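Next come two complexes built around chain A: one with chain B, the other with chain C.
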Partner chain A sequence: MNYRSKRKLMGYVFLLPSFFFLACFLLYPFCKSVVMSFTNWNGMKDTYKFVGLQNYIDLFNNKNYWAAIKINLKFAVISTAIQTFLGYLLAYAVYNMTRRWQAFYKVALYIPVILPASVIAVMWKFLLGAQTGLVNTVLRSIGLGNLAHGWVGEKATALGTIIFVNTWQYIGFTMVLFYIAMQNISTEVLESAEVDGANKWHKLIYFFVPMTVGTTETNVILSITGGMKSFALFYMLTGGGPGKTTKVVSMLIYETAFTEFKFNKALAMAAVLFVIILILTVISRYIGAKYNYENDDGRGRTKGGAR
Partner chain B sequence: MKPDRKKRYKSLPLMVLSQIVLIALAVLIIYPLFFVLMTSFKSNYDVLVNPFGIKTFQPENYVQAWRIGMIGKFFMNSVITTAITLAIQMVVIVMASYAFGKLKPWGSPVLEIVYMFGLFVTSEMITIPNFVTLKAWGLGGTRASLILPYVTNGLAMATFIMTAFVKSLPTELDEAAMIDGASILDNLIKITLPLMKPVIATVTIFNFQGVWSEFYWALIEVKKDALKTLPLGLMNFQSQYNSEYGILCAGLMIATLPVLLLYLRCSSYFIGGMTAGAVKG
Partner chain C sequence: MKKRVLALISASVLAASLLAGCATTTTTTTSSTTAAVEEAAEEVAEAAEEEVAEAVEETAEEAVEAVASTGVTIDFMHDWPEYTEEFQKMADDFEAETGIHVEIQIITWDVLTKTLLTDFASGEVPDVACCWSNQMGAFNALGAVYDLADYMDENDGEWRNSLMKAGLDLGSVNGQVFAVPYRTTQTVIAYNKTIFDENGWSAPASLEEFEAMMQEMVDAGYTPLIAPGMPNGFQISAICGTFAEQNLMTDGILKRADYLSGHYTEIGEQWAEAGAKLRDWYDKGYIIADALALEREEATALFYTQKGLMSFVNNNELDPIEKNTAEAGFEVGFFSFPVPEGMENFLYNFGVDAFMVYSGTEHPDEAAAWLKYITSDAVQQEFGNSTKSIMGNVNCVYDDDLQNQLADIFASASSYRINYDYNDGIGTKMGDAVAEFMADPDITPEEFGATIQAIREEALENYEE
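So, the complex of A and B:
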């Protein structure tokens, strides 16, 4: 056997370990989830039989599920809008700083991103405590005591509070992504714009925004899909309450599968969520591609290279 | 870069405005962390009567949190689980990316697409069968039941990032070594691996974040306190010390500080690792 063929054969050997993991814990379970969502399988016994679309028909009539989807959508869309808009402006603000400040802000604002969501949740539950929490204490000490709330314990504020905590954690991430994209914009283009009399706002609107569409798309997709899948923050901050005001889909799936042991129902829920996330991703990509000038901006910069 | 520096700061009001906004935000982000750090050294009475200052100094909060609150146990569990996961992952991913990047077995473009499928799968779509599989293997609730799926979780993304890097490496060295009769394994270990150091660091940090923070799967699998990782253990800890603020904050600090210090020492790897994952995703 010649050396080339030997290398190619060795390629399979090198792929074996990773393929073992992927096959056992990703590909197989994914296929099994899809198939089993058409059965009456539960966690109690090993036998099952096919029931056609029954689980999906039940799911369609399951008010709790669609209420949860609605909460997820609300959370995802509002978080994404705030984070993208704010993250963008902050990145522009950092971009206008001196080198040293740029480095400082990049590192400082990114700190919460590295912490586990559960740490953030426990921390903010303490800071948002009704009586002794930092937030209410600050409000009282500046004479705004009537604004003090039970935050995570009140129906009116629970979801908004989680959105705030989530934004607090990830604003640095969005900011850094945009900031990196802005640094990749060629200074020659900006200079020639200045020669033509463009001021800072012109540059922001006519150059920075269009030239970072790819990054905006990435941010939106990450934030929307993250919002649809969010679990730890909700589970530990509110546990889905008060009432069901913050009961998100992942929590519903968890309970259906592992406290009620209705595996088939949970799998149908997961499959529909998977499709919804896929659709949201495709829509974001489609809109992004429509406005993306980075693909063919005539300076030989490809989509990948610009980011 | 240099000559246009002056031009950048032409608009002074804009700069001042930017600076005010950014400082306010930095305070909003750093002060809560500082507040928790300060509270972690205070007695409960001091927390209640004197929220913004510190009059007592009670480092025993840390001892209490570490031993009786079991944060020490949870912390060590997280360290062990993460270390084993990352070690296995590294070997597996380096081999896979070397195969895709250099060896290119027949059909490797198709296989790469199969691997990339892993980027889209949501965790809810695999947890139930994984739970059943691991139970059938007699591993339910053990440390291995965390590690095996954790290795798989970061695999697709990491292989994707690393393969792109290996493909960008020059092939001349491999060919020269091949002529000299070096084996494929020699080639990987002596020639390619040393060049891969930066991407290995990036991928390790990226995977570290995923494993260290993981909560959902740990909640499903682990019931025994003795095996709980930090994110999961914090839940017990929180209910235990709900109104003993000093100890609660000490526990939070133990959970936060090691990662924070690591981050402050090599922040560029953290930011690079996370953003590399984001951009490719």
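So, the complex of A and C:
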């Protein structure tokens, strides 16, 4: 065996523990879940029988599931758009600050990211209470009582409220991602742009945005997948209400499995959700790859290969 | 070089002497302990024989003490963080008496059902867990609960006779006893008696009187009823359910055996009428605005700050209600949700906070002993006195006037709560449907009634599959 082959083999050997871990805790449960989604297993009994595609046929006729998917898509797309836009602007603002203020804002904006969802839910419930919440109390005290709402209890405002709280929580993460990407832009390029007369706005539009598309793509993928899987905020802020206004797919899966004891149907829901998220991720990657200039060598070619 | 050699030799000598010392100790002790061990073993065997003989001769109460000497630990879950000290004291006293250690886990009432169902699915269930008696049909269908009937029948049914029959019946399925009633849990209406007296209002005797009174309150600028709608419709859903049951009573369905076991589902019409009435109450201002966005804590705070004259409360909140209303400067009274004129007085969703034993427990005797202890006369009386609860033990006597008022309400009314004999899996669907109906004016009462009927039919269909 020559040296190259040995190196290759050693590489695989070092990968084995990780692969074993992934196989045990990811591949096996995933495959088992998919297999069980073709059975009538209720989660409590050891016996079950295969029912073919019946669970999936029932799922495609399940209005509640598709209503929940719609809520998830709305939440994911709107949250992603707002977070990406606002996060980028914040990152640019922090990039242009002095070091001291950079340090302060980076920490201050990141604190909500590390708070547990339960803490955030309790805090915002207190702030958004219909009768005694701080937000409505302040609005009433300044003569804007007509703007006071039952934020988490009204159909018109419940989803928007959760989007707002979610944005508040994760804007810091988005900001840090973009800030790091901006740090990687060559200062020589920016200086030469300045010499040519570019102001901050020109630099933002013609340099920063195109040169951070890769990060934007990453952020979009993370945000969309996170939004489609979201559970904690919905469960703790609104409980899926009022009615089913904010009942997302993960809540439906949880209730189907642990309240109705129909694990087979819950697994089918989860499998379909996985496929939907995969499609959205592929679309994001395709769009991102088309416009990604971060690896560009300046002549329209990606480094390490032709375009 | 020399120094190294010397150092090595010293280290070797040191190590050798240590090892030699240990060997010597072992050697010298081995022979002397052998005889002692043999003697001790004989003594233990004799003592064990005597103990077993004594245990066999003892009665059920003394049998608990015999079992206790094994040093068993049982897991116990309750959903009252506010009574942590009381339950810990019970556990400590029980352990002192029996030697059985009780490991306590605490959750909150709003996650009780979900916690239990998740635990059942995972197999990680406490030996004894809190529950609501009416869930036993569903839990038995899942094979999750232990039949305590044999323990109930010991000593000529001594334990069974000490507990409230209504509570025991609620937790029994086909003669098997799955839940032991600990205390009642029932929603009643607390009212601001001070403002009532000032305006000449009193606890209504009928639904018609109640509606007329609330109209007077609205005309006088008051908000009559505070009812939280979160989570999952909560008390708003309960009001709708109350109306529905009254309609079912009028139509002769409520007392049917198939209805009470969850096998009769043609209830759409009655729920449609109930939904229409609920919307009417809401539109007239009888129920506080933004009720769907209100949580229980906020609703209670509104009652204490006199933003509304009446509030749905649980009877077990009597102690904090008395304290907080006294602090707020008004007197409080209670009444149950009234029924239409001429109808038999019954309570909607009469419930019992109970305890069940997990079917997979490794310590059923110890679990039963613990349950017997916490439902015994002395323990129940002490808990009832300190918490103002209406206890499951029929031998309890109450000193508090309001406590007696509540006890009278429960004693004088019937209840026709559905006790499903299968896992209905309905969960929060009914409450969600009510909340959805109230949040969306485009949903007609007929559509709402059809939704409720469909939920019940689906649950029965799944069971029959």
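The rule is short, and it goes like this: the second predicted complex is superposed on the first by the 271 of 307 C-alpha atoms of A that agree within 3 Å, B and C clash if a C-alpha of one lies under 4 Å from a C-alpha of the other, contacts with A are read in each partner's own complex, and residues count from 1 in each chain.
Rule of thumb we're sticking to: contacts are C-beta pairs under 8 Å (C-beta built on N, C-alpha and C of every residue); 3 or more make two chains touch, one makes a residue touch a chain.
Fair warning: this is a prediction, and the values are worked out from it, not measured in the lab.
Judged by the touch definition given at the top, the superposed model places A:8 against chain B, while chain C stays out of reach. In the superposed model, A:194 makes contact with chain B only, not with chain C. When the shared chain is aligned, chain B and chain C each come close enough to touch A:257.
Counting the residues of chain A touched by each of chain B and chain C gives the higher count for B. When the shared chain is aligned, chain C comes close enough to touch A:244, but chain B does not.
In the superposition on chain A, contact of A:182 is made with neither chain B nor chain C. Touch criterion not met for A:213: it reaches neither chain B nor chain C. When the shared chain is aligned, chain B and chain C each come close enough to touch A:125. Residues 125, 132, 257-258, 263 of chain A are contacted both by chain B in one complex and by chain C in the other. By the touch criterion given at the top, residues 1, 4, 7-9, 11, 14-15, 17-19, 21-22, 25-26, 28-30, 32-33, 35-36, 47-48, 51-52, 91-93, 95-96, 98-100, 102-106, 108, 111, 114-115, 117-118, 120-131, 133, 148-149, 151-152, 155-156, 159, 178, 184, 209, 212-213, 215-216, 219-220, 230-232, 234-235, 237-238, 245, 248-249, 252, 255-256, 259-260, 263-264, 267, 270-271, 274-275, 278-279, 281 of chain B touch chain A in their complex. Chain A meets chain B in the complex at residues 3, 6-12, 14-15, 17-18, 21-22, 24-30, 32-33, 36, 89-90, 92-94, 96-98, 101, 105-119, 122-127, 132, 134, 137, 141, 168, 171-173, 176-177, 180, 187, 190-191, 194, 199-200, 218, 221-222, 229, 231-232, 235-236, 250, 253-254, 257-258, 263, 266-267, 269-271, 273-274, 277-278, 307.
Across the complex, chain C meets chain A through its residues 113-114, 117-118, 120-121, 142-143, 229-233, 288, 290-295, 298, 301-302, 307, 423, 425, 427-428, 432-433, 435-440, 462.
If you check the complex, the residues on chain A that touch chain C are 43-44, 125, 129-132, 149-155, 238-245, 247, 255, 257-263.
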